[in-house]
Each structure stands twice: as C-alpha cells, then as structure tokens.
Amino acid sequence: MAAYFLCLVLFSIGLYCVLRKRNLIKIVVGLGIIEYAVNLFFALVGYRARGRAPILSADQVISNMVDPIPQALVLTAIVIGLAVTALIVAIAIKIYEKYGTFDITKINKLKG
Amino acid sequence: MNTAPLFVIIPLGTAFLVSLVGKYYKRSSDVFSNVACCILLGLSFYTLSIIRNIPTHLLVYKIGGWAPPVGISMVIDSLSVFMLVTVNLIAFLVTVYSVDYMNKYTDKWKFYTLFMLMLTGMNGVIITGDLFNMFVFLEIASIASYALVAFGTESEELEASFKYAVMGSVASSFILLGIAVLYSYTSTLNMADMALSLTAKGPAKILPFVSVLFLMGFGLKAALVPFHAWLPDAHPSAPAPISAMLSGVLIKSLGVYALARILFNVFGVTDVILSILMFLGALSMLVGVFLAVGQWDFKRLLAYHSISQIGYVVLGIGLGSPLGICGGLFHLFNHSIFKSLLFLNSGAIVYSVGTRDLHAMGGLREKMPVTANTSLVASMSIAGIPPFNGFFSKLIIIFACVQSGHFGYAFWAVVGSVLTLASFMKVQRYAFFGALGKKRQDVKEVPLAMQISMAILAVICLVASTLVLPAFSDFVTSAAAVLSGGKEYANLVSGAFK
Amino acid sequence: MIEIYLLLLFMIVGAVIAVEVKDLLSSVVAVGAVGLGLSMAFLVLKAPDLAITQLVVEILCLIILIRATIKKDLPFSTSGRWVFNTTFTLLFISIFLTFAYFSLKNLPPFGSAVMRVAKTYVDQGLAKTGAANIVTAIILDYRAYDTLGEATVLFTAVIGVLTVVRRIGRKTGKGQDAA
Amino acid sequence: MQRNVEPGMTLIVKTITRLTVGLILLFGIYIVLHGHLSPGGGFAGGVIIALSFVHLMLAFGKDVALKKLSAGVASLLESFGALMFLSIAVLGYIGGCFFLNFFMNKGLPFHLFSAGIIPLCNIAISLKVGAGLCAIFTALVLLNKTDT
C-alpha cells in the first residue's frame, strides 16, 4: 500500500512538471517521470512476496513466481514510452530550430 | 470466414508496403492506399450484413487460437460495426481527396504511411476485446496523429503538434494507470471477463477512482471541455484531409467510443457517472460554440464547433436512456459526415485561394460552385435545418432530454443549436456570398477527385436522414442497444468464447 | 522488502531534483538517475527482462536528450499568474493523491498479486509454447498481437520523426509542383 | 581547444570503440537469439544493436557511421523487419488462425531451437527495432548538425 502511494507521488511530481514548467525539455523530462511511475506501478502490482522471476529452469522446480503479465505489459509500455519520447524530442529540436529557444512563453504564435 | 483480423491486417500491411515502395514509385502510394481503403469500406459493409444475420449480433475472433481470458480476442458487435462503417467511410473519401490535395506537400508516401497507421489504430481500438490491447492501438493512432499534425513542418504546426503530443501522452498515462489499477483488482485484461469479475466482487470502491482516471484520459482524447485546450490548435494546423479525419472520427473512436464502451459495458454506469457525462457534454456544447462565434479563421472556427458537437454526442450518451444513446450515436455518425465535409471544404478553399481568413474570402460561389454548394449543405446540416441529418439527431437528443426530465439541458441544447446556425450563416456570408475580390478573379475550382469526394459526403448528409425511418433505423438502434444493455455485453461475449 | 522503499525514495528525490534544477543538462542527468533507479527496482521486483530493457532504453533516451540539450539556452521565466497557477496545480494534485490514497486501500496488498489468469501461463506456458522464459512466451505467443501493436508504435514513431525533421514541408511556387 | 583534422572524439576513445563495438554487437545478437530461454529478447537485443551503432557514430563522427549504415538503408531494413513480423502473424493462417504458433513440433524445451515462432519473431523485432532506432538517431543528429 505504501509502495503504491509512493509510486503515485512520483507520478504527481511528473504531472506537476508537465503542468507548470515553461521549458520544452523540462516537459519532456516530466513526461519521462510519469512514464516511469506508471511502469513501476505495474511492476509493483504483479509482485508476490518471496516470489521468483518468471523464468523456468531445466534443473529445478520453481513454485512461487511473480505475476508475469504485468511484466509483459510493461515491456510494451516501455517501448511505447521510448517512441513517444523520440517523437516529442524531435518536435522540440525542430521548434528550437525555428524559434531559437526552448522557452514556452516565447513560443506563442498560437493562442489558447 | 471471420473478417475481424482483416481490419487490422489490411491497413497495417498497406502502411508497411507504402513505406517500402512509395519512395521509389510515386504513384504507388496513391494506388495502394485508395485500394486498401476501398476494400476496408466494402469489408465493413460486408461485416455489417454478417452481424445482422447472426442471432446474437456478435462476432468473436480468438487470436492465436487461445481462448479469451488467456489470449487476446477481437469482438465485433453492433456498436463496433457502426463505428467501423463510420471510420472506414470517412477514411475512404478522405484518401480520394488526398490524391490531389497532398500534392502541395513533399514526401507524400510518408503521409500515406502515417494515414494508414492511424487507420490501423482506430480500427484496432474499435474491434478489440482486450483492455491493454485497446491502449496499444490507441497509442498507434495517437502517435500517427501527432506526426500528421506537424506534417507541414512550419512553426505553428510544430507548436500545435508539441502541445497535442504532450497532452495526449499525459492522457495515455492516465489510461495506463487506470488499466494497472483494474488489473490489480480483477487480475484479468479481457473486457468481458473483467466485467463479470467486477460484478462478482460486488460494488467496488475502486471504481470511482478508475472512472475518474478514464474520464480524464479519454476526455482529453475526446476534447471535452476542461481538457479541450489542444484541439483548436492541433486540428486547424494539420493538412485538411487530416483535420477531417481528426475531427471527424479520431476524437470519436479514441475518445467517445472507448469511454462509452468501458463505462457502460465493463463498469456498468451509475447515476453519478451519467450526470458527470451530461454535465461535461453540456459544458463542451456551450463553451465550444461560444468560442467559435468570434473566430475568423475558418479552420479554427470548425475546430471549436467540433468541441461543441462532441458535447452533443456526450450529452446524448450521458442521458443513459435508450433514446438518448440512440440520438448521441446518430449525431456521432452525422457529425463525422458533415464535419469532415466542412474541413474538406476549407481545404479546397486553401487549395485554390490560399487563405483561411474569412475576411479575405468572399464571392467564391461563382468560381467554386461545387465547394460552395457542398459547404452550404454541410452548414445547414450542422446547424440543424430540417431535411438534413443534423436536424434529426439534434431533435432526438432534445426529445430525450425532455423525456428524462432534464429540461435545462434541452434548453441549452437549443441555444447551442441557434448559435451554431448564426456562426455558419456568418461563414456562408463571408466566404461564398458577397462580391468577389479583385485579386480572386483567376481562382479555379479544385480538381475532380476532390470535388467527387465532397459531393459524395454532401449526398450522404441528405441520405443519412433516412436512418430515422423504421426501415433503416436498425443501424443506429442496434448499436445503441449494446450500450443501453450495459453488462449484458459481458454475458454475451463470454458466452461466445466457449 | 526495505530495498523497494529505499529505491522509491531515491527515485522521488531524483525526480524532484530533475524538476527543480535550473540547468537543463543536470535535469536530464537527474532523470537518467531516476531511470537507473527504476531499472534496479525492476530487479528487486524479480523482473529481469524489464531491468535489461529499461537499462538500454534509458541509455538511448539519455543520449537523445543530451544531444538535444547540449549547448542550448536556459532562460527561465515565470509568467504573470505564477502563484495562482502553482497553487491551483498543487491543489489539483493533492486532491488526486487523497482520492487515490483512499481508493488504493481496496487493492490487494502489496506483495500478494491475485494471478487468476496468470496461473495458466505459469502452469502451461512451457508445455504449450516451448519457451522457458514465461514473459517471452506471453509477449510473443499468448499476447503476440500486442507485440505487433508495439512494433507498429515504434515504426510509427520512426516515420513520424523522419516526417517532422524534413527541411521543406510544403512545395511553394508553381515551378516546384512539377518536380 | 584542439582542432582535430579527423571528425569524432580522441584517439583513446576511437581505439577503445574499435575494440568494444564488435563485442556489443555480438552481445546484442546473443540476447536476441536466447530471448526465449533467458531474460531479454528481440526488443532489448535490438536496442543494444542500435546502441553499438550509436557508439560508433559518437566516437567516429557521423560520416564513418553513415558509411556502414545509411539512413535510407536503415529505414528500408526497418520496413522489412516490420513486414517480416506481420508475415509471421499472417502465416498463422496456415494453421487456421491469425497469429497461431504454427510449428506443431515445439522442439526440446531449454534448447536454442525450440518454441516455434518465438525466435523468429525475436529476430524480426530486433531487426526492426535496431534499424528503426538507428534511423531515429541519424535523423536527430543530422538535424542538430545543420542548425549550429
């Protein structure tokens, strides 16, 4: 329970960064923190006390395994996170090229 | 033969193929995408006819032969097939339109690759029966749309795309967090299985939290009002065919459809959730239209109207009564038709005249008759003038409001409709009527393919009104029955798994 | 299970530093530290697949971010209604956390996953798919469709990046139309 | 500031890179091929393969690296990997079902040649991921290069 809550605190830090920071790279950093928090939450959810990694071995019997499904899902989520980060960084670099700054308050051709 | 996997295989294969050969043979990307979209459209009508003839109105496909809670399943019911027809119809007409329109941009094959990937994502979201799989396909569609918004690589477009991408990623994170909490609680990912498990555990205290997470996530994707800030930037910045896809179907299949499917069929709605939905719907309806009235940028005006019309759809669905859901879904279908048409019209004006500012237009009616007439049809349709489809769906929503005793919402829906009418009278007045400017004497009508796709959409605006007739209304009512049936979905689907 | 709490605290501290530090490069390095902490947390949580993947992805992300930030300007400005907006954001986040705190109590406690469906994978995974690594058995056989989607996401991002970095997006003038 | 005639980093870095880059590549391939037996798999292995290329590019400058793998080839390889993965999925129709593990004989467990389509999928994914990330990185580096 406390672990879940701490994980959501991490999520909130990322959320705060995305909502309040005025720099494109800081926003990307915030998104990264949010992703980490969600991935960690998944892994926490699948943990079993004194469990073993979900990999079978030829010469021993493993009885208590941690839940393998969240691990499979997180593997997918990590890739998706990498893809989104790469695309957003590319857009940010391109914006830098056009405006010469990462500061969001100076980038406002569009309004609301 | 079960058609379900083809809705993903065909666009995905086309996307890969276009990315391989499109760079070297210029015309091949046009041909491949148009053929693929045409096949998909035919396939969705074929699936519609299959679904109607099955007694349970349900088509289930087990991927890899694994029986569902273990493997992933595809589920097509009346609601899915309703969405499939909508999405693939618009997609086909938009690809026809893009053949000429996208000549203005470089690297057309990248456009078609991203377009087909976006279509893959939407089809995948619609037909999946698995919660995490829905998330994966939602991300495919979203990422493709982030890149498509920035397709012109001008500074405004990049800025809009950045804003959209950041908001969209935050929304996705909320959705993924919701899925994680649900997985921990029910220990399954299959939607039908999850619904049964939630029922078996009794009233769950976890559901309000997850509902809020999903409301924020999918609400952002659907641009409901507190979360709408990205839409008025992103939709006008995209190339016109993409604006038509984004406003026409993307916000509906990723936002409204996914939200309604999860809230109604998996969680089973409560009164609190319904009133939140109604409130958000009515708020979007009014805020969107108020912001739209003052706009002079044609595409931006249309984007604000998208927020407003999505409000109507959510209000209708949020009423929770069979009539309300029916009206909401019917309006969803109608809105995808006329809003796509309006965005294609705006694209035609940009193509010929080169401006989006309503002040700089005027008198285009004599030079661009097809564009002017189709946009007149669409404007009357969106404003709710009687013979057109928009009138009937708005009428049904207002009736449903009155029927379930929400007179306030009915009143606001009428107000929104009147303001929409005013706003589109302004568009018609400044863009198409009036005197032709001196500089505009050599304006020409757009190429034939673009005219054809606009004309077909305008005809559908008229023909779709017949969906209220008892003979054809089955298309919408059976889809609405899936939502108003609530958790009945779970029993049907898990029955079909066996 | 004290390790996981220590790692979580380490990650939270790292995240706060990454958010609040003025220098962009330091911020990126701090978020890299958070990612490495996450990788170790995966190891503690008995997820070696995730630990490897997170580690290599973290390195790649870090390189990309550093390429983006190196030698760039770092002006920070605070907009007019800074206090109001910050208060509002913090209020929203604290409501969210309070709500989450009361809701998460209903989940199964930490360290006791239910594993209703997952039991099938663990019991029959080797016999049915032939893969000793159950996670691989899930992502490439039981839920291979998800992996197809995942590969497509990456493909989309690659095409997206190549689209965004084009030098010229629009053709201008009549002369280039023919080209 | 010293002015290197050659692009890239110093001699020490280049020598060490020459020694290690092959090993990194080999490790990536090992991870891919043993994905169904030990931790790792197509994705992690693909990223490691891409990292060996990134390593080369950082140490020697972009020209040397692009000679080994140009952006166009990377993009092509990626499409090829994606198509291969989709074909494996569609080949499941041989057994009558989308994405069926269509090898009836799954082989001996805990051996390299086992588990039906899983190693093939791993190879396809690693090809796709490796080439795709190389393409992304090249695009970003080329972009950065021109604006300074």
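We call the chains A, B, C and D, going by the order they appear; numbering starts again at 1 in every chain.
Note that in this section contacts are C-beta pairs under 8 Å (C-beta built on N, C-alpha and C of every residue); 3 or more make two chains touch, one makes a residue touch a chain.
Because the structure is predicted, anything quoted here is derived from the model rather than measured.
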Partner chains that chain C and chain D have in common: A, B
Chain whose mean Cα position lies farthest from chain A: B
A-C against A-B, pair bridged by the larger set of C-beta contacts: A-C
Inter-chain centre distance, chain A versus chain C - centres from mean C-alpha coordinates, in Å: 2
Centroid spacing, where centroids are CA-atom means, of chain A and chain B in whole angstrom: 28
Gap in Å, rounded to a whole number, between the CA centres of chain D and chain A: 23
Euclidean distance of C-alpha centroids - chain B vs chain D, Å: 37
Two or more partner chains touched - positions in chain C: 48-49, 53, 57, 60, 64, 68, 100, 104-105, 107, 113, 115, 117-118, 121, 126, 132-133, 135, 139, 141, 143-150, 152-157, 160-162, 164-165
Numbers and ranges of chain D residues touching at least 2 other chains: 38-39, 41, 43, 75, 79, 82, 86, 89, 98-99, 101, 109-110, 129, 136, 139-140, 143-144
For chain B, residues contacting two or more additional chains: 12, 16, 19, 63-64, 132, 136, 139, 143, 146-147, 150, 153, 158, 161, 181, 184, 189
Chain contact topology (line, ring, star, complete or other): complete
Sites on chain C touched by chain B in the complex: 99-100, 103-108, 113-118, 120-121, 141-146, 148-150, 152-153, 155-157, 159-164, 166-171, 177
Residues of chain D that touch chain B when the two form their complex: 75-76, 79-80, 82-83, 86, 89-90, 92, 95-101
Interfacial residue positions of chain D with respect to chain C in the complex: 31, 35-44, 47-48, 50-51, 54, 58, 75, 78-79, 82, 85-86, 89, 98-99, 101, 106-107, 109-110, 114-118, 121-122, 125, 128-129, 132-133, 135-137, 139-144, 148
Residue numbers on chain A that touch chain D, as the complex places them: 53, 55-58, 75, 79, 86, 89-90, 93-94, 96-97
Touch list for chain A against partner chain C, complex: 1-10, 12-17, 19-23, 25-26, 28-30, 32-33, 36, 39-40, 43-49, 51-58, 65-76, 78-87, 89-94, 96, 100-103, 105-106
